[in-house]
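Below, chain A partners chain B and then partners chain C, in two separate complexes.
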Partner chain A sequence: MKKWIALLVVAVMFAALASGCGGGSSQKPAAVKDSIVVAQGTDIEDLDPHGIASTPSAIVTEHIFDTLVTLDKDFKIVPRLAESWQSSPDGKEWTFKLRKGVKFTDGTVFNAQVVKFNIERLLDPKVKVLLRGYIDQVAKVEVVDEYTVKMILKYPHAPFLARLSSASNAMLSPAAVAKYGADIGRNPVGTGPYKVKEWVRGDKLVLERNEEYWGAKPAIKTVVFKPVPDNNTRLAMLEAGDADIIVRVPPVEYDRLSKNANVKVVRSNSTREIYMVMNVNNQYLKDPRVRQALNYAVNKEEIVNGILKGAGKAVDSPLLQEMFPYKKVGAYEFNPTKAKQLLAEAGYPNGFKLTIHHPVGRYLEDKRLVEAIQGYLKNVGIDAELKTMEWAAYLTFVRKPADQAETQLFLMGWGPWILDGDQMLYPLFVSGEFPPGGNNYGFYKNDEVDALLKKGTSTTVEKDRADAYGKAQELIMKDAPWIFLHSEMQIVAMKKNLDGVVVLPIEQLRLAGAKWAQ
Partner chain B sequence: MTWIAVWRQLKRNRLALLGLVIVAFFIAVALFAPLLAPHDPLAQSIARAGETPSAQHLLGRDELGRDVLSRLIYGARISLTVGLITVVIGAGIGVPLGAISGYFGGRTDLVIQRLIDIMLAFPAMLLAIVLVSTLGVNLENAMIAIGVVSIPVYARLVRGTTLVLRDIEYVQAARAIGLSNAGIIVRHIIPNLLSPLIVQSTLQIATAILWAAGLSFLGLGAQAPTPEWGAMLSSGRTFIRNAPHIVTFPGLTIMITVLGLNLLGDGLRDALDPRMKL
Partner chain C sequence: MGVYIAKRLLMSIPVLLGVIILVFLMVRMVPGDPAVVMAGEQATAEQVDAIRAELHLDKPLPVQFGLFMHDLAKGDLGRSPRTHAPVSEEIGARLGNSVVLMFTSLLLATVIGVATGVISAVKPYSLFDSLAMLVSLIGVSMPVFWLGLMFILLFSVQLGLLPAAGTGTWLHLVLPTVCLATVPLAMISRMTRSCVLEVMGQDYIRTARAKGLPERVVIAVHALKNAFIPIITVVGLQMGNLLGGAVLTENVFAWPGLGRLMVDSILARDYPVVQGTVLFIAVCFVFINILIDVLYVYLDARVRFD
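So, the complex of A and B:
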């Protein structure tokens, strides 16, 4: 009797399974789809563009709002709400001619007054602006006429135009700010190709086409963003058809996914550089020979090929190739013998003990990466202990001032939204940028580098900047305040028949030009 | 009952014998790890990470190109150590507590038993996680945590048996000739507790190995590059689609070892329990 019941149960389960599968395939709509589901790793914090600093949020706000200028897929600065611009010979005054006939989704007309309002809001210390450094070179904004606006800078600043392309410098409707006040982050009103239809925090954000959009009308009517933290879940969603685009595909899955006939995998460069910071106040790491030895000890190429499965590029300069003004300085080659020799010269023929701190789940294969580095260091006699920390706690830990810092060697990444070298070299290597306020977490200080980087940020003559930054890159590489590792590639996967999605090197997606192939 | 009698009893139980063989094998592997391991368990070779089993590497290479078999062999040492140390901690504290509680009864019993109740009120794994998080994440603290959470198991077992033993004639006799309470507990109660304790400890080693693997899986136990089975399982799980051998072999190893210990424990219980005699 029992056996029969068991058999019956199994039969019912199989029947349910079979009908479930059948149901899935018969649900495919006959008509052309006009929606896209995007699965991201983390949720959107807020939709007030001025208040955001994370890439997943920026991906969304960039579809609701417009900036004055933007980047195209070749990283060039191109017009958006500003049609043309001009700077004074001394580089302190910038005049923008604005696009005419642009309206916010609440009917407000976009004009010079709106630009003035937005820049002043960005500069207002009472407003929460996380990336104020992207705009605070502006001293004053003047309305010249209805569609002409002039910005006066405190000092000439070469990357200024690039900074205006940052998602955090987008244009909000002044009327909406007045209406919603602090709630503007939940009721965003912009001029972009999409507007918010529905937002259920932690579940989904639904964008709907802005029918009055000034640019080319998007082919896709609805875009849904879903937060899915687990890599494998996102992958399963794409393969099962629950998502149309997924970001941050684990590199180990690249080969397998590429073979899937229904999926196209886009692997492209990103501007995120990954490195191990050395606290130069550490008793061992204060010696440049030791720091160079650590660089010689690690096989960067092997990490890129073996751990990242090619989804990265070993760096050969503190600055990435994509950024102006990159100079190829030459990486430390993998040479454990030389590393041992340098360690012996520095007085540590038998190595020493170190602690490596690292986050997990933040960067591509971060845990495996530090485990590999631990192995390389062991080969040259350095006994490293790994300490894993949760991301938020980790940030607090590495941001302590010099006298409280417990860091020795730790994993970090930096992925600026604008591709000017200033955005990388200045905050990470100038001695004025020590924590707790700044991002020079290793307390690196070289007076010559300081002077060169200051010169680079305050001149607009391209050649002078290239010279200053070029020399700085050489000096930094020689001083080796980091173990220079690689730049990450971003792997985005989508349905094969989805065309026109632009993947930018700043880890962002542009969906306004997307459409489903017939 | 003599040990020969126990062995005779055990021999009749095929499953228990299988368990004994597995456990003996596991102990031998742990003891002779350096002789048995074909490679250095820490030698990485990233270029060859994830290679499938071959003649050179019988169980393949892991996510950093290390030899999986060698890591499993060295991992046996860690698991055996974890099992033994946690049992020593758990029994070392739990047995005296239980014996005192059962022997004296009354208010002492009440206080001790309520403390044990408090410990039992938390799910063991959760309590272990809390302990490790407070003490600091490493294998030593994981062992302490697992040892501590197994105290109630011993305390309860010993108390129950002691309650029976303290009224038995030879204990009464010992008391009559003026032996101190401590003397009675050490010389008469505890020796008579040995059989249930042996059974319980065999099973507890299995539980401890599982818990240690669980803690390491969550990143709260052994730290890289220690070849701990649970940690191997955890770091290999991302490769389950591409290189399933990395995660399969540690999983199988844990399963077989724990199964062996449980079979042996069950067999010992049958053999040692006079009421179960056929």
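So, the complex of A and C:
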């Protein structure tokens, strides 16, 4: 009797396997769908737009809230809640004409008072605003009339308009802030194309169409965001039909997924730049010739094609192509002979020892990346030891002030939320931005670069900005405070018949224009 | 019995206090500044300091502990500086999922584990026995994340029978349950086999047989009841384990449970959530243990409260 049961179980298992090999049969009936399921890698933390700093949260808040200006599908700054704007010749005063007839989902009318309230909340030291650096140029907000608002800056700041497109500078309903207080992040009230229907922490966030939305009504009624940490599970969900869009597809899966007839794979540039920072206070790395030698030693193209499987682009300037005002200054070509020659000139014909610190699981293929770099350095006589660290410990480690820093050569990435070069060059290369407060982790200092970057920030004449930043990019490349590597590409996969999804280079999705093809 | 339970509850206080101190110190000993990590790379220095102040990290350790205990005494586990939600709400949002998954997988593991264990013990070294023990050996040694992924690929992607991940219907529960049940199932079945085998050699079994009782009654009434004590112990321990330790299964199946909450919070150095979750699970452990000790008495007449 028992043997029979066992046999039966085995038989069923074989039958299941056999039919499984016969070919996928997960087709769902072709009913008209009006919902989308998005599987993200990590959970949404909070929905108070002013408090967020993570991309998965920003993707969601960008559908609930509106900013004054935004990026369109061609990554240009376009009107959103502000219809038009004007800056004073000195770039210190910005006047915005606001859209009329916009209401929050709680009925509050959007007007100049609301803008004033929001900017003041963003500036209020009592409110937790992680990305305050994206707004704290504002000194004062004035209500000119019901639909005109004027922002007076502390100093002329050219990238100000771009900063207003950051998801963190969105407009919240003042009435809701008063009503919910500290719990506003769980009861978000905005003017965006969607509103929250249900949020089960860690499980799913359900958005439903805002029927009173002032702009073009989304075709999709319901959008569900699910946190799915495992890369392979996200892939399986898409293939099994449990998810319609998945983000952060591993590069190794790109080719296989592209061959799937039911799936559309979008691989596009992102503004996340990856580089090896050199601590310029290090006894070897303080010599620019050594830093240049390290740049010549590494084969960037091979990394992009071999390790990233094409999901990256070798950089040819400190600034990325998508950002204003990018200038192609030319990369260090792969030339180990020249590297050795430069090392010899610097007095290290036999190389030296270095420690490479790096996180794991943070950037695309980060571990294999540094292993490759270790190999390239070995080639030119530099004996590098790898030290892997968990992200939290790593970030604390690299953010120590100069006198405590134990860093030498280490892997970092930077992916700003706005496409203005200021948010890349200024925090990473200006000498006023040393840790622990800033992000110039290698303690790079060049007075000329400092002056140029400050000028690029404060002048509003586009040509002058381009000139200043262009010169700065050349100087930085020559000084080589980093091993310049690549920018990551983002791979987003979705159902073949889903149209209108916009993938922005700031690693964000816009779903308001999405629709299912008939 | 009331006295016994009261005594056990009192005894659990130092245990929980120890857990509190340990977890409080442990999260703080792990390298990584929570303020830096939670604020993120683009945050201003002023924001990093604000989070440090929010977590009282700018104060000496004993003061931090005092503040934590003060809130705890009021039943307040604090708020997560990362999500701004109260820790109790964070735990509450996951608790149901963890409990459901724990019960279904333990039920599956116990029913099948005890059944195979008994059959194996009754006919030791038979074909069924060898096969069952081999399968349970594989079950114990199979990495859960791999098994889970294979399940998803077969039953969701290939066959389209079950949802790949997430929650919703009871169908969502099937794959994570089976996956999570493998290890306890193997343990329970091996434990049952050895316990029943041992009991079967006892004198009272010989007596029962000598009385002329049918073998079925001998096994079900006399043998199994006494063999149950170690089995219950294993099941109880697994209960606590599965509540907070099902991280791998939860990750593969995107199941929003306590294990994932804890690991995510550790990675983000979200001290209040780590402390709250560990403390909560410790309390569960203590209660489950008391419950099991009480169960012993009903199962084995030789065990007494005093």
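Heads up, the rule we're going with is that the second predicted complex is superposed on the first by the 495 of 518 C-alpha atoms of A that agree within 3 Å, B and C clash if a C-alpha of one lies under 4 Å from a C-alpha of the other, contacts with A are read in each partner's own complex, and residues count from 1 in each chain.
In the analysis below, a contact is a pair of C-beta atoms (placed from the backbone, for glycine too) under 8 Å apart; a residue touches a chain by one contact, two chains touch by 3 or more.
Here the structure is a predicted model, which means the values were calculated and not measured.
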Chain B versus chain C as contact partner of A:260, first or second or both or neither: neither
Chain B or chain C, by number of chain A residues touched: C
Which superposed partner A:374 touches (first chain B, second chain C, both, neither): first
Touching partner for A:185 - first (chain B), second (chain C), both, neither: second
Touched partner set for A:299, first chain B, second chain C, both or neither: first
Touching partner for A:321 - first (chain B), second (chain C), both, neither: neither
Overlap of chain C and chain B interfaces on chain A (superposed complexes): 232
Residues of chain B that touch chain A when the two form their complex: 42, 44, 46-49, 63-65, 137, 219, 223-225, 235, 238-239, 241-242
Parts of chain C lying in touch with chain A, wherever the complex brings them together: 30-34, 36-37, 39-48, 50-51, 54, 79, 82-85, 89-90, 93-94, 97, 119, 127-128, 131, 145, 149, 152-154, 156-160, 163-167, 251-254, 256, 260-261, 264, 267-269
Residue ranges of chain A touching chain B (in the complex, touch as defined): 231-232, 250, 252-253, 255-256, 299, 302-303, 305-307, 360, 367-368, 370-372, 374-375, 378, 385-386, 388
Residues of chain A touching chain C in the complex: 2-3, 6, 16-17, 19-21, 24-27, 39, 42-43, 45-46, 48, 51, 53-54, 125, 128-134, 136, 182-183, 185-186, 200-204, 226-230, 232-233, 236-237, 239-242, 390-397, 399, 414, 416-417, 427, 436-439
